[in-house]
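The following pair of complexes shares a single chain, chain A, combined with chain B in the former and chain C in the latter.
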Partner chain A sequence: MSFNQDYISHPVFGQVDYFNKKNHQQPNQHTPYYSVHNHHQTDAGKQKTLDPIVTGSSVIAIKYNGGIVMGTDMLCSYGSLARFNSVQRQKQVGTHTVIGVSGELSDFQSLSNTLDDLTTDDFCIDDGSKLSSQEIWNYIARLFYNSRNKGNPLWNTVVVAGNQNGKSFLGKVDLVGTCYQDDFIATGYGAHIALPLLRKEYDDNPNGLSQDQAVKLIQDCLRVLFYRDARSSKRIQVSVVDSNGVKISDPIELDTYNWHSGEAAVRTFQQVALGK
Partner chain B sequence: MNVLKLTPFPTQDKEKPLNHGRFEPYVDNGGTVLSVAGKDYCVVAGDTRMSDGGYGIQTRKYTKIFQLTNKCVIATSGMQADTLALQKKLKVMLDHYQKENGKVMSTPAIAQFLSNTLYYKRFFPYYTFNLIAGIDEEGEGCIWTYDAVGSHEKVKYSSQGSGNQLVIPLLDNQVAKFNQLLPEGPKDVPLDQVVSFVKDAITSAGERDIYTGDYADIVVIDKHGVRWEKFELKLD
Partner chain C sequence: MTSVGSGYDLSVSTYSPDGKIFQVDYANKAVENSGTCIAIKTKDGVVVGVEKLIPSKMLCHGSNRRIHAVDLHIGVGISGFLADARQLVLRARAEAKSYKQIYGQPIPVKVLSQRVAALCHVYTLYGSVRAFGCSIIISGIDQEGPQLYQVEPSGSCIGYFGASMGKGKQAAKNELEKIKFNEMTTHEAIKEIAKIIYSVHDEVKDKDFQLELGWISTTETKGQFNMVPKDLQSDAESYAKNALEEANM
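Right after this comes the complex of A and B.
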């Protein structure tokens, strides 16, 4: 006798009913609104990010004269466990855009696939037109807003940076679809720790920053984050996007204070830079 | 031969899992908007701070006022993501209306349409608090004020958002002249006087409401169209 799923009249204890043979209840695809009660009744095969599992921490970025510098560390944590130490959290999208992502790693990977599909389709149209950074930012915002409307959010905050036709673009999108543009942006703990540093440097230079200044600033901010954000690491990547396109750096190990016992916990950037 | 019987799946184990539904789809990004209508004009003010739902400021330059036609604007506080979705929807529908009817939708029609649009999402509302301000077909300044699900009222002045409790009494006193010892009653006020008053009103809201501040957009709608002005508020 051939094996027949229906032969077993009920799911067996310890056996997972992957295909939901017993009750054919399908999630209502047409439910146009978010419903808390729907969660428990939907298909067991459909999972939602109701809380993030493997997460990346801050993304920080600032505009300078001629482009944008964006920085992330490379750690992806499993709760408080430093689980993956060398994960790239920045991604080039299209020709002159880079995104930096904090939040759930698997949702970032899913978003990466979606954006690759988008840019491939754009390439295949072959009309010489390329998606602008703003279009990519808008696309992500609509995608995230739509997901949150279905009660199935992509648990990320995305920073979009680009440079095209001599104009820089810097924008941010979060998991409910909130989106805005600004001259400097930080996510997660960066919004508490790095943003004041970015703002001060930006305001102290009314004529704008140079690229070297901006890169140093981003690295210093990531170092400060490493000192105080327990879900960050000193393995970082800094990307520069300007009229020459996108350059995402190789992993950089931040110079930090040597944790010898008895040393002062706080040192100036200058001291660190000089290796004192 | 002994057969070990399979144990049936215990039904009570199919209880809902723990830690469910922690996703919060609504965020209040704060902000204050207000509007005062005159005889043949309307003045609208809205701050440009966007908070993160708590004590943080996400950006200092998000404008809450959106021009719908050259006789009508919508000013919205509440959740920014919902605001954007609502504005996009209104813009698409108004463009559609214009193409179908060969004319721009009138301000009172927009006001009713906004109510319908909000009520359509009654059971998963746009978390937005709106003012429609503009001039009607007679050229008279008019304002509609809404709740999140589309209840609305036509008024001469109103305020919405995080600072509305601070602004409304000021408007009741200075625009409607409620409960004055010297009976004066509301009267027609020249435009520049109203603009100056509206600036004071939003500055005062910014003084006490932590979700209001940074800059203010002041928008004047009259027979000449829509004029925008930027105005500084406190950054703290």
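Right after this comes the complex of A and C.
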């Protein structure tokens, strides 16, 4: 009996066939065992995350004088469908760290639970020290590297931002466990669209940015992303981490240019209304 | 066999002719030799206090803690063998974590207490093990509000408004019975507990002691179990010392 596996081995939203599933070698069809036994040995029973399903788009963050500003939109897409439009993609971890996550939503939720367990353990130890942002960043990197080695990666890119003892920390971890620190970080589409904007603003201000400048820059970047990235939305959240701790904003609706066509597109609303 | 247990105390799996399990009685004795631990449940939270006896002046301040957090919203106070109790605390933390993973919400204090009690009880059933030589007071806040449970070596698990155990159990109980629990705040309870522990402490017979205080309150600690901050603790201790001096005059 031949058993056609093609219909289950396609990724649901196959952007990239990372694990070469389409050319997957069929198990030996000529084993001497009877076919029922063979049927149970197909890999359907231990399917791994080979493709993200519900995804969040970019995270962007930049250091300013005295802290870090991080921004995300609140959209989680189902493939190309804008499915969930009010999902918080930032999370406070411990006392002075915030993470922003792009990629698979369910993996983010799982990561959240893992980190909550970690901070609860830290709370129970009660020895006067708390996990630093760098420790959390490194923990996530180890976690991600470990699961990708099992061939079952957590499909996220995580930005970790924190401020402790007057020092800011900003780092990034991706789904294979690659990690680095920088003064400004963008993930996903933002790494193409927003990163040059962050870099320019950072270089234009050799003495560092103020908090207001940084917040405005992050909002501007998210606005550009809304124009250019088809998996983004204008509903955003901006978090500020400084010596006062973590503050994640309520949802903000970005102002955008008017989207009229024709005459209205080149005139302001008032000009049209006054008939000029 | 000597007269004490007449051979019926060799194993926890043997009853004496009058229906006792001597090993459990002995475990309770171990608790009675330990520093007093009391807790008060108020309308907005719970306060736990332990009279931590200091066996040597060379110990670091704050070592051998007898109050531990188990989860964000639950903490325990200990009387009896510290090493035995730490095992229970470890187990309680594991239970709290697994409950959260399975049910997606914090473990109710009653459920946690019953699970810890079940563990204590299992250790009274087999000849190959001995009972835990400690009692613990479990306090916390959940959907039902503030909760206070006491778990004993026998595996009993009982809810209280005010509970006491250890050396000064009876004396503390007499004091606790005078309290109107529903009218008290956690701030008042801190002072009350400090006063009771100081009055119960036997200066002549006992070693030096250190007061350990833990609390949880919906208003004061945002529903988290914390150690009482230094300033509040020293206020309570000076209040207790004054009250004691006045009583002695």
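For this structure, a couple of remarks:
Assume the second predicted complex is superposed on the first by the 215 of 276 C-alpha atoms of A that agree within 3 Å, B and C clash if a C-alpha of one lies under 4 Å from a C-alpha of the other, contacts with A are read in each partner's own complex, and residues count from 1 in each chain.
The rule is short, and it goes like this: contacts are C-beta pairs under 8 Å (C-beta built on N, C-alpha and C of every residue); 3 or more make two chains touch, one makes a residue touch a chain.
From a predicted model like this one, the values you see are computed outputs, not experimental measurements.
Considering which of chain B and chain C touches more of chain A, the answer is B. Of the two partner chains placed by superposition, only chain C is touched by A:D117; chain B is not.
Of the two partner chains, chain C is the only one touched by A:D126; chain B is not. By the touch criterion stated above, A:G67 is placed in contact with neither chain B nor chain C. Interface residues of chain C facing chain A in the complex, by the touch rule stated above, are 68-72, 93, 97, 100-101, 224, 227.
Here chain A touches chain B in the complex through residues 8, 10-13, 15, 32-36, 39-40, 48-51, 141, 145, 148-149, 151, 153, 172, 176-182, 191-192, going by the rule given at the top.
Residues 113, 116-117, 120-121, 123-124, 126 of chain A touch chain C in their complex.
Those residues of chain B lying in contact with chain A across their complex are 6-10, 16, 19-23, 25-27, 29, 50, 52, 56, 58-62, 79-81, 84-85, 121, 123-124.
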